[in-house]
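You will see two complexes here that share chain A, one where it goes with chain B and one where it goes with chain C.
After this line comes the complex of A and B, so read on.
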C-alpha cells in the first residue's frame, strides 16, 4: 500500500470549499425545457375528433369522449387523457392530422380531490377542462422535419390539355394497382368521411380492402350503400374529401379515385357472382318514376329485398342527369352502363320513352303498383329573366348537354358565352370548348363563391376558358351581323345579412359588353309536377318546390315516396343515391306493414 | 480450496444446513435499484460465500411478448423501457432492425444524431454505474457527485429530446428532431464538468487505499471464461479481450470517428472500473467529434408507410450495437403482418448477471457482493425482457 493511496482520497475535502451542485430552493419550480414533453394541450377549435391519437396510443390512455361544442366535419368527440396510463411518448402529438394536439412543458399538477374517484382526478380532456398549463406556449410540438403521415396525395394521371380539348375521351386515366394501394395506405381510418357522405358509405373499410388488395370485398362494401360506384368514382361531389382528416394539413385522400379504382378493377360480368346474395321474393310491386341515380338506387335495394320493380323513364336510356347532364369526358357511357346493367340484370323492368302523364297516367301507376317512388329530378332550366333571352343563339345548358348526348350538336360559332357558376355551367363551357369554340364563363359572384367543383374550374383555366366574375347580366341584343351582344354590369360583394354569404350588388352606372355567337345560360334548374294529374294525387301535399315528405321520403300518401334532386335540394348524385336507399327501406317497411 | 467449501458432486455443491457450518442468506429482492431487484441465494460460511444461486423474475414485464401484440410503432415507446439508465441502445436497435427488414436507409444526418444520442447516453449510463460502484464500496460522496453529473447530462437530453429518462428520440425511419440552438455550448459545459469529475474520481476512488484493497483481485475473470460465459463489453475488455462492436462491426458512423478500444489485463473489479473510466473519456471525445463534424442541415427522417397499418416484409434479422454493458442485440422476425412475430432482445446483462455472477461470487466476502455485482454493470430489466 502506497502512502499516496492513503493521502489521495483527502482530495475530496477540496470540494467543501466549492459551490454545491444541489439547489436549495426546493420551493421554486424549475420549468421544463422548451420542448419538454409535459402535459397535453388541445386546440379544440382545430381538433376534429378523428381519434388518431387514441388509435396510436399504445397504453389506451386516450378515450374519445363526446363534447358539446363541435363544428362541421367533426366527429363530436375529443381526446380524454388518463394520466394514470400515459407514458409521454408523444406519438399522439406526432400523428395529429390537424396539428391541434401539442404538449406544454408543465409537469406538476396538484389537485385537491382525494374524495373524488381517482379516475376522475387524473383524467382530463385538454382544451375542454381548464388547466393551468393551457396557455403555456412552450412544450413539445411535432418538429417540422419529422412527419408520420403522408400528406400529399398521389397525383392522378390526366390526358394532356392539348389532347383533351379536342376530344371527349375520359380525361382522368385512373390509378394503377400500385398507385391505388399507395394512396389507400395514407388513410388513417377515422371515418369522418363516412359520417359526412350522404349515403354513409363505409369508406375506411373499402380503402382498407384496396390496401389489402381484396378488390371483391371492396366492391361488396361499396354496394352496401351505393349501387352506382363506377359513377360516383368519377363524378361524385365528394364531400368526404372536404372533411378528410388529412386535408387539414395536407391533401385529402383521393376517395373518389379509389372508388373508381375498385369499380374499374372488376369486370361487369363478375358483379353477379361477387355480389350474389340470397333474395327472398316478395309478392309486391313498386313503380319508380325516373331512372336517374335516385330511381336506380331505390330499384337496386328493392330488388335485393325481393320486390318486383318497374322503372318508367321518359328518355331512351337510363341514367337521368348522369347521362344527359354530365359530358362523356367526365363520365364515359360505358362506365355508367356497367353500373346500370348490373341493376337491370337483377330483374328491373325498364320502360323507356315512357313519360308518366302522357304515355301512362299517374292514376294507373298508383292503382297498379303497391308503392310508387318518384325521383324525376330537376329537368327544367331556370330562366335568365333578362331582355333578349329568347333570341336565336341563346341556349340552356341542360338542353345543350342533352343534345350533345343525343349526338345533335348545335352550331355554336366561334365564340360562346356561358352564364352561371355551377357544375352545369362548367360542363357546358368545357363541352363547348371541346366542340372547338372559344369560351367565356360569366358569373355574378366571386370565384371562391362558385358552386362548381374547384377542380373543374382549375381544369377550365388549363383549357383556356376565360372567366369574368362579379358580372350581373343585363340584357342580350342582336348585332347587325347576326351575332349576340351580351351586356352586363359589374357588381361588388356586400354583406347584407350577418351569417349569410355576401350578395353581389350592381355598381351604379356600370356597363360592359361582349360579342358572341352563342350564349348558354346555366343559372340553375327546377322541376314541375304538371304530369301528376288525376284522382291519385288527392292525398299528396305539394310544397312550394316539392312534394311534402318526411325524412324517409314518405309523402302524405303512404304509398307514395319521393327522393333525389326534387327532394333533397343538394342536387347531387350521391344524395339521390342515398335517398333511393333510404326510401327503399321505408317502402319495404311500409309494404311489410301492409302484409301483416 | 479450504475445507470450508462444501464438496461438489456432479457439479453441484452439497451442503448440510443443519450442520451449523453453513448459513443460507438471501440478498434481495427488496430494492428497486441495480442490485436489489434480482435476488441472490447465498450459502455462506463465516463471512465468505461458498455457493450462489441467482434468482430473477422480479422485474418481469414481458417486453418481448408485449411487442408481439403491438403494432410496430407502438413497440417504439416500449423498447426504451428495457434498459432504464441507457434506453437509447434499445431505441436504435429496434429502429435498425425494422429498417433492415424494410430495406430503408436513414438519412446521413439522422445517423450522426443517433450516434450522438448513443454516446451521450453511454456517458449517462457510466455515470450511473460509477455511482453504484463507488457506493457499493462505501464511497457515498463519489456516488453523489456522479449522480449530480448524470443529471446534468439528463438536462441535455431534456433540452434536446424533450425527456430526461426515456428519450424516445430514435424513431424507425430516422430521428425525431435536430439539436436545439445553443445546445452545443451546454454540452461542452457539461462535458467539462464531467472531465473535472473524472479527475476527481481518479484521486478519490482509483487512488484510494480502501477501494484498491477491496477491488483489486476481486471477481477475476480469466480470459478462458470469456467465451464460456458469453462475456462482452467492458467486462471482457477488463480481461484484456479486444472486442468492441463499434470497431468489429461498425454501424451508424462509428467508422468515421477516431477512437481506440480501451482494455486492461487484470480482469478484476479494479480493471473493469478502469476500462469504464477510460471509456467515459472516450465517450466525451466522441461526443466532441460528432458535435464538431455532424451535418447541420438535411433530412432527419424518412416517412414510413402509414404507421397505423404498417406491415414489415417477412424476414428475420439480427442487429447489434455496443452498449455500456457490451454487445446488445435485437433479433427481429416478421411474418409480414402488422405485428412483429418475434423480437428477442439480447441484453448483455443476462449472461453477466446470472451464470457469470454465480461463478464469480464463490469465495467472495459477503460485504463485497454488491461491489462485484456492480462491477458486472447489469441492469435487471434487461435480464427479464
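After this line comes the complex of A and C, so read on.
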C-alpha cells in the first residue's frame, strides 16, 4: 500500500473549508438577473396617470385607479396591476411617456393568510401599495436604444431672421398636410391636456381627426369649445403643451400648430356649411361690450343658441387686443378676420366706433337688452411711476402697437428701449426692430422670470434684440441733444416670502444709464369703469379690482355678466374665450328662467 | 453554402435560398420531402446536430412556417430548413426518430401553435400551460385582451379614462 492511498481520503476533507459550489436555496434568496422582468415599480412623483400602460397592455392587466396625491398635469390616476393576468412582456414599461414605470428584479412575493381571496392579494398599485421591492435598483428598464414613442416634434418652418426683421409677414409658415398628419401621429391620445386648456378643448379628438385626414370633423370639434381657432392656432399661450405627456421625456405635441393647420385647411366660405346647426330663435337680446376674444366667444355661442346679439366696440374693427395688441407678423389680419367674419355672418350686429359711456350709456343698454356681457379688457397701460415718464419720446407699449395697427408709425429714432418682460413688451420690441430700430429690453427680474412666451424671447435674441435683466427703473432725463437718458439701478433677487417668487431688491448705490431715442413702457395693463355711470350700476357690486362675479361671470345684478381679461386675471385669449363660452351658457340659463 | 444548395437541389425540390451569413443559410423544401432531406443532411452531409425547431405564424397568407436548424461540427455551418404548412390543417411528420430531443420541440409547438406531430411521444401533454383551456397562445389571431375579459369576467375591471376622470374631478360644471 502506497502512502498516497492512505492520505487521499484526508485530502477530500480540505474541501470542507472551501466555498461550496451548490447554492443554498432554502435560506438565501437568489436575486433575478440585473435586467430581470420582475415585479413592477412606479415612481409616483413622476407618473402623470396618462394611462398609456393600461392602453398598450395586451392582457388588460392594468386598471387606472384614483389616488389621493396628485399634481399639475396629472390625471390623479395610477396603474394597478392584476398579476393573475400579467404576462411580463414589459410593453407598459417601454411605452411609459414619463419613464416612471419600471420593473424590479424581485420575483418572490409571499402573502400570509390563505383565507383571503387570491385576487385581493396579487392586485397592487406600484408605488402606492408598499412592497419590499420598491427600492430595488436592479430589474428591467426601457433600454436607451429602444423607443416606442416619437419624442421629437416636426420642426415648424419659419421665415429666416433676415427676412423677419424687415417685414411684417407672418413668420411661422404652418404645417403641410403631410407634416400635420405626421405630427398628429405622435399623439398618444391620453387627454391630460384637455383639463389644462382653459376652454377644455377636446384636443385628442381633433388631433385624431387630423390623423384620419377628416378636416371638417376636426373643425367641428374645435368650434364646440373655441370659435376663434385660427387665432388660437397662432397666438395661444398653449398651456396644454406644458402638460403634454410627451413633454416629460421629449417634446410636446405641437398642439397649437395642429390647430392652425385645421383652421387654415378650410376656406372661410365653407365654414357656414360645415358648422351648420339648427338654430332655434329665442325672443331675447344680449348686449356685449367689447369685441375682443371674450365678447366674440360669448356672441358666437349665444347666436348658436338663437339669441340676438349686439356688440358695442369702441374701435373701428373687432378683435380687441388680438388686433390692436398682437403684431401682424404673429397674427395676420386676414387669419383673424376669417374667424371673426364667420361669427358676424351668424347675425351678430356690430356697432363700431361706439364707446359705451360716451356714444351710448350703460343705462340704456341695461334697459334695452335682456342681458349684458361686459368684456372690455385691460385697455389702459400701467404707469412706470418714475420721474421723466411724461417726456416726449416716452411711449406706452399698448398705444404704440395700436398706432402701428392703424398705420400710424411713430418716429422712433435709432435706438429704442422697451421696459417690461411680458408679451406686450416683446411685441413692442420686435415691432420696433421691424421698423428699423436697435432695441434693448430692460426687465426688473431675471430672464427665467419673464412672463413672455419663451419662444418670443428666443426669437427676440435671434433678431438681435439686447436684454438687460434685474434693472429697476429710476428716472428718465432729457439730454442736451434732445435724446433720452434712462437711468436704472441693478437689483439682486431676494426670497422675501417663503413659497412666493423672489423679488428684485435694488443694490444700494448702484446706478446705470443708457441713451436712447425712444422709450416704450410695457409694464402691465389695467382697466377702469369710468364709463359705467348711471342708475343701472346700483345693483352691481365692485370688488377691489373688478366687478364681483361667480365662476360663470354672473355679477350681483342677475342680468349682468363679465368675462375676459377684466375678470380672469390670466389675461390671455383662450381664457377670455373660455369665459365667453361659460357666460353664454349662464346667460342662456338666466334668460330661460326668465321666460318660465 | 450555395454549393450545398445546388447539390441538394438535384434531389429535392428547394426554393427561397437565403444566405444570412457565410456560415448560415436558409432554404424552403416541399412538405413531403422534409424527412428525407433531414435524414440525408444528418447521415451524408454531417449536419448531425438539431439546434432548434421553431414556428412562425404567417396569418396573412394562412400558413405556419416550421424551421429546422441543423449544425455541422466539421464545417461549423448552420442550415435552416423551412417548411410551409396549411394553417387550417397544421400537421407535420415527426422527426423524433432522427433526433430524440425533437419530441420536446414538437410538444411545445403543439401547445403554443396547435401544430400536430402524430406519433411524437407525449405530443398532446401540456408543457407549461397546465390546465389551459383556451386556443394555442402563440397564434397571432389569439386576442389576449378579449380572452382575458371573457374568461376572467368574475374579476371586475375598475378602470377610468384619464380625460373623463379629470373632467369629473376638476371641472364637472363646465
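Just so it is clear, the second predicted complex is superposed on the first by the 564 of 596 C-alpha atoms of A that agree within 3 Å, B and C clash if a C-alpha of one lies under 4 Å from a C-alpha of the other, contacts with A are read in each partner's own complex, and residues count from 1 in each chain.
Definition applied: a residue touches a chain if its C-beta (ideal position, glycine included) is under 8 Å from a C-beta of that chain, and two chains touch if they have at least 3 such contacts.
Keep in mind the model is a prediction, meaning the values are calculated, not measured.
Contact with chain C, but none with chain B, is seen for A:54 once the two complexes are overlaid on the shared chain. In the superposed model, A:64 makes contact with chain C only, not with chain B. Look at A:564: by the touch rule set out above, it reaches neither chain B nor chain C. Of the two partner chains placed by the overlay, neither chain B nor chain C lies in contact with A:393. In the superposed model, A:35 lies in contact with chain B only, and not with chain C. Look at A:504: by the touch rule set out above, it reaches neither chain B nor chain C. Contact comparison for chain A: of chain B and chain C, B touches the greater number of residues.
In the superposed model, A:126 makes contact with neither chain B nor chain C.
Chain A residues in contact with chain B (one complex) as well as with chain C (other complex) are 58-59, 87.
Taken together, the chain B residues at the contact with chain A in this complex read 70, 73-78, 141, 145, 148, 155, 158-159, 161-163, 166, 168, 171, 174-178, 180, 200, 203-204, 207-210, 212-213, 299-301, 303-309.
Residue ranges of chain C in contact with chain A, taken from their complex: 144-145, 148-149, 152, 155, 157-167, 169-171, 173-174. Contact residues of chain A toward chain C in the complex are 49-51, 54, 57-66, 75-77, 80, 82, 84-85, 87, 119, 190-192, 194-195, 200, 204, 551, 582. On the chain A side of its complex with chain B, the touching residues are 1-2, 4-6, 8-9, 11-12, 15, 21-22, 32-37, 52, 55-56, 58-59, 87-91, 94-95, 103, 140, 143, 145-150, 185-189, 208, 211.
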